[in-house]
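In what follows, subunit A forms one complex with subunit B and a second complex with subunit C.
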Partner chain A sequence: MNRRKYAFLIMTLPAVLLFFTFHTYPALQGIFYSFTDWHGYGPWTFVGLKNYINVFQDDRALHAYLFTFKFAITTTIIVNVFSLLIALGLNSKIKGRNFFRGVYFLPNILSVLIVGFIFNYIFAHILPQMGNSLHLKFLAKNILGDPNLAWIGIVIVAAWQSIAFNTILYLAGLQTISSDIYEASSIDGAGKWREFWSITFPLIAPFFTINMVLALKNFLMVFDQIMAMTGGGPGESTESISYLIYNGGFSGGEFAYQSANAVIYFIVIVLVSIIQLRILQRREVEM
Partner chain B sequence: MNKAKTNWPVQILITLGSLLILFPLYLTITIALKDPQQMAQSIIAWPKHLHWENFSQAIQMTNFFQAFKNSAIITIFTVILTLLTNSLVAYSVARNMHKKFYKFLYYYLVSAMFIPFPIIMLPIVKQTSAWGMDNIVGLIFLYAVYGLSFNIFVYVGYIKSIPKELEEAAMIDGAGTWKIFWKVIFPLLTPINATVGILTALWAWNDFMLPLILLSDKNDATLPLVQYVFQGQFSTNYNLAFSSYLMALAPMIILYLFLQKWIISGVTKGAVK
Partner chain C sequence: MKGTLKTIIGGAIVLSLSTSLLTGCSSSGKSSDEKTHIEFFSSKTENAATYKELIKEFEKKNPKIAVDLTSPPDAETVLKTRLTKNDLPDMVAMGDSTTFTDLSNSGVMTDLSSDDIVKNIQPTYIDRVKKDYNKHDAVYGLPYATNGNGVIYNKDKFAALGLKDTPKTFDEFIADLKKAQGAGEIPIYFTLKDAWTGMVAMNSVASSMAPDQFSKDKTDKKTTFKDSYSTVADKLLTLIQYGHKDNLGVAYGDGNIAFAKGKGVFYLQGNWAIPDILKANPNVKLGVFPFPATNDPSQNKLVSGVDVLFAIPTSTKHKAEDEKFLKFLLQKEQAQKYTDEQSAFSAVNGVFQNNPILEGYKDSFATGKITSYPDHFYPAGFNAANIVQGFFIKKDKDAFLTKMDNEWDKVVNRK
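Up next, the complex of A and B:
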């Protein structure tokens, strides 16, 4: 029996040591350096909470938080509404259901960066051409070049790609509902609208929770799309938090400062996840 | 519910919607096969003459086969390393959850899912370059380590549902813990191994951020990283750029055509767990 205990310990130790070395240790280092003035090279001293105070007074950082939240919340809502609609469509009586399921899931397997590059071209050339020939003024220029509109371009690309995953999850949820329930409700004379809100939606509530939490968390981390499409621009209008930490930390010599920013970001993500889970789970219970 | 009738309004909407999904891919293929003059006539129309030489030019320019090889090596070895190590840890943790130490390990590993990567990003680059791990081997290790949080969560849930009697019977036959794992448990994990393998492969193949920050040698670049690096050199030669994008996307799309069912169910299971 002791040999068995020993074997179990050996099974975990290498992986746990690796995990500590390459995950926990660098995370602790990041927290440690956030209290210093290190540039990423050369000597450093402790500066206490100075970096943190500076992040709160940094317009660029505040703007990155605003942009990231505006982007993440908008995209989460759009993605969930469309995913649910598409899943309902794919779950109804249509021809070629498996084919369409395959098509709608396709974006999920593609590289986010390359999809970003492809849409870059669509925004720069295809849409303006369409806008010109249809005399639609708002389409006539590249929205990625407009500081006020560029974020919408990123929302579109992120949504185009993420709807795939959320749709498949909602579809899995819809398929857990037995058709008997619908038959009973149609005998009772419930309309489609009523049926959705009082039967379908409550029954797929757990899937709604997973989708909302995963989507928001992913979109708060937005990075690849920014790198592919705007590089944070025009100006600094589409700098996400991840992008700012990457950019300032590696090319701006702000190792310690961006580490403090990353710690704040970490706290924000944890808080958002907890709050969101609480609210959504309470709703699940009520329904 | 009328069982046989097709719901035509929904059919039409779903069909139109699928065009929105397919259009960017169609566009990628047509642009990849045109030359600049054909582009000037019409961007969207299917080209009359197919310029296959765009591909050979893009292959030369981006050193496509090197990048393809790098991406393939990283993906294959990440999947193998992940499946072998992560399932082993999960087995040990799942069978000892009543002990404090293993319970702590479980929560320690799983709670790391909440830690956003940027907090690790700056230190890990220093660390890997100091230890000579700013290369393909380093990437494989990091993928296997960073996937652990999520995979432990998925594996432990599954292993708990496997009855212990199987192991007890094997133990009476004199099999040791290691042998039990490889001969009894690991084969039983096939469905969940498929899920973890598919998710890991998609991640390692498509990931851009880790190769971007970690790799120091140009020859180690992965397919997504190559597209980024050559973005400036493609400049306005969109045909070349798009044939390069298409070649980078194609391997996964081809795999998807054949393994669609597996991939979709794998991804779904991973999320529902």
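Up next, the complex of A and C:
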């Protein structure tokens, strides 16, 4: 028994050490520096809670929070609706099912930055040309240059890419439902609509929960798309919190201040995730 | 938080891996080729090709020394990260930026004031760099190339409008813009999707004020943007009327191509854009002139800054080799090559820009009618570019000036 314990210990230790050095330790360091006035290098002193108080008085940070939540909630809903629909389609008996599964997964293996740059080109050149020739006024301009529309461009790109991964999770969920239940329901005369709401959806509830939580968490941390497409602009209309933290912390030389912002945001994300899990898990059914 | 930490950690890992790869290469290189390797870090990606040629020539003359050029994207952030790790390169080429100020003030750069090579450089530029850090009698950076932030114009279109002389006053400029608009041309080709290009316009318009004085007064609460920048804001609003229909949808790279292909008569950009424009269309005939910010020609100055300066970190183990390379770069022949290839202006004595495209700036440099970038004196962390970009969208002067004031105060108070 003891020897087995040792074996387990030896197996876990490397992972724990790596995780600690590259994840936990820097995180603790970040929390530590959020109580100082360090600007990334050079000498520093403790300033207590000053950085935290300043974050709450910073309307730029507040605006970033509002944008990020607006973006994250919209994208989460869009992604989950579409990936569930695609998963249902890919789970039915259609021709070339495996081929389509491959195709729909493709966006997930591309780098976010590259996808961002490609869409940047589409928004800047292809869509305005189409808009001009079709006389669609809202398309005639680059939507990323319009402060009221730029966030929609980012939603489209983020959703286009993340639907792939969520579809895979839903697909896995759909395959856990045994066909007996569907047979029983069709004998009872249930239609497709009824079947979905009474059987399929309740039975993939755990997957729905995990998809909602993961998607929201991912979109709350949106960074790459903004880096590639708008740089927080036009104006400050698409400045997400992660982008603000990176930009202000490194280019702006406010490392400690943005560390405080990051600590606050960490707490916010943890709280949101816990609340989401609690609510969604309540409606899951056990088979 | 987790996400940012992940990016930070990810970045750190990539950085440490790549630098360890680099050092790995150079140290293994040392043992095999028995050369002394010096790492030459450049913060500009545009001039890498010119540096590579200069390095090749230097290595031919000094077979015992190998110069390894590093010129990563987002170089100033990389440099700051390397400073935290005490892993500075042997020699740095960077702009006269806030990062340079920070590096100088943290005492990691060698004071070159006693070195003879200082005499190769025009004293006005050395004085200008000296102003930027606390220890004014030291020379932490040797200015090499300077730039000009004004107006680039399409000579053929300009002549087709029946215009002869470039405008000397703001009113003359507006009259030219009106004429262009009347002829169905795009007067100014804006590329405001990239927020920084708005600062080119803003720096030009604000150039008639003494920029260092404004910043001092603003921080000491003796003045505000509301008091001092009102006419600047008005002039920006006038200029934006003469743009095209998607001023905020076109990015800098696309703008260079569009301007090269004949879209727009005037282009508010620095001389650094010229090589890219010519690459897109070698036949376009370009000219430049300083932005006429006021109606008094004697007050209108060219906005010019130090684009490249050389500095040697104190931590280098190859100071002798660094100086040899530095001396080589500062020789007339090399400085001239750099100036020609990069469409730049030289800070080295006796080296001039003879490109006919840049003829329009010659007078400003010869008579000393140049001034610094106003935003050069803004505090770090003050996000002026995006606020100006927002102003070009909403066109609300009061809101813009109030926001500039508030953000400035906030950033200064946080320090």
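Rule of thumb we're sticking to: the second predicted complex is superposed on the first by the 264 of 287 C-alpha atoms of A that agree within 3 Å, B and C clash if a C-alpha of one lies under 4 Å from a C-alpha of the other, contacts with A are read in each partner's own complex, and residues count from 1 in each chain.
Here is the rule we go by: a contact is a pair of C-beta atoms (placed from the backbone, for glycine too) under 8 Å apart; a residue touches a chain by one contact, two chains touch by 3 or more.
Because the structure is predicted, anything quoted here is derived from the model rather than measured.
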Is A:95 contacted by the first partner subunit B, the second partner subunit C, both or neither? first
Between subunit B and subunit C, whom does A:27 touch in the aligned arrangement: first, second, both, or neither? both
Go through the superposed model and pick first if A:146 touches only subunit B, second if only subunit C, both, or neither. second
Return first, second, both or neither, reflecting whether A:251 touches subunit B, subunit C, both chains, or no partner chain. second
Given the touch rule stated above, what does A:54 touch, subunit B (first), subunit C (second), both, or neither? second
Touching A:15 in the superposition: subunit B (first), subunit C (second), both, neither? first
Looking at subunit A, does subunit C or subunit B touch more of its residues? B
By the touch definition at the top of the document, which applies to A:126: first (subunit B), second (subunit C), both, or neither? first
So, does A:269 touch the first partner subunit B, the second partner subunit C, both, or neither? both
After lining up the shared chain so the two structures overlap, which partner does A:40 touch, if you call subunit B first and subunit C second: first, second, both or neither? both
For subunit A, give the residues common to its interface with subunit B and its interface with subunit C. 22-23, 26-27, 30, 40, 125, 220-221, 223, 242, 245-246, 250, 262-263, 265-266, 269
Would you pull the subunit B residues touching subunit A in the complex into a rising list? 1-7, 10-11, 13-15, 17-18, 20-22, 24-25, 27-28, 31, 43-44, 85-86, 88-89, 91-93, 95-96, 102, 105, 109, 112, 114-127, 141-142, 144-146, 148, 176-178, 181, 202, 205-206, 208-209, 212-213, 223-224, 227-228, 231, 238, 241-242, 245, 248-249, 252-253, 256, 260, 263-264, 267-268, 271-272
Using the touch rule from the top, collect the residues of subunit C that touch subunit A in their complex. 1-5, 7-9, 12-13, 76-77, 80-81, 83-84, 98, 102, 106, 192-195, 245-251, 254, 380-383, 386-387, 389-390, 393-394, 407, 410-411, 413-415
Residue positions on subunit A within touch of subunit C in the complex are 22-23, 26-27, 30, 37, 39-42, 51, 54, 57-58, 60, 120, 124-125, 128, 140-147, 220-221, 223, 231-237, 239, 242, 245-248, 250-254, 257, 262-263, 265-267, 269
Given the complex, residues on subunit A that touch subunit B span 3-4, 7-9, 11-12, 14-16, 18-19, 22-27, 29-31, 33, 40, 86, 89-90, 92-95, 100-115, 117-119, 121-122, 125-126, 129, 160, 165, 168-169, 172, 179, 182-183, 186, 207, 210, 214, 220-221, 223-224, 227-228, 241-242, 245-246, 249-250, 255, 258-259, 262-263, 265-266, 269-270, 273
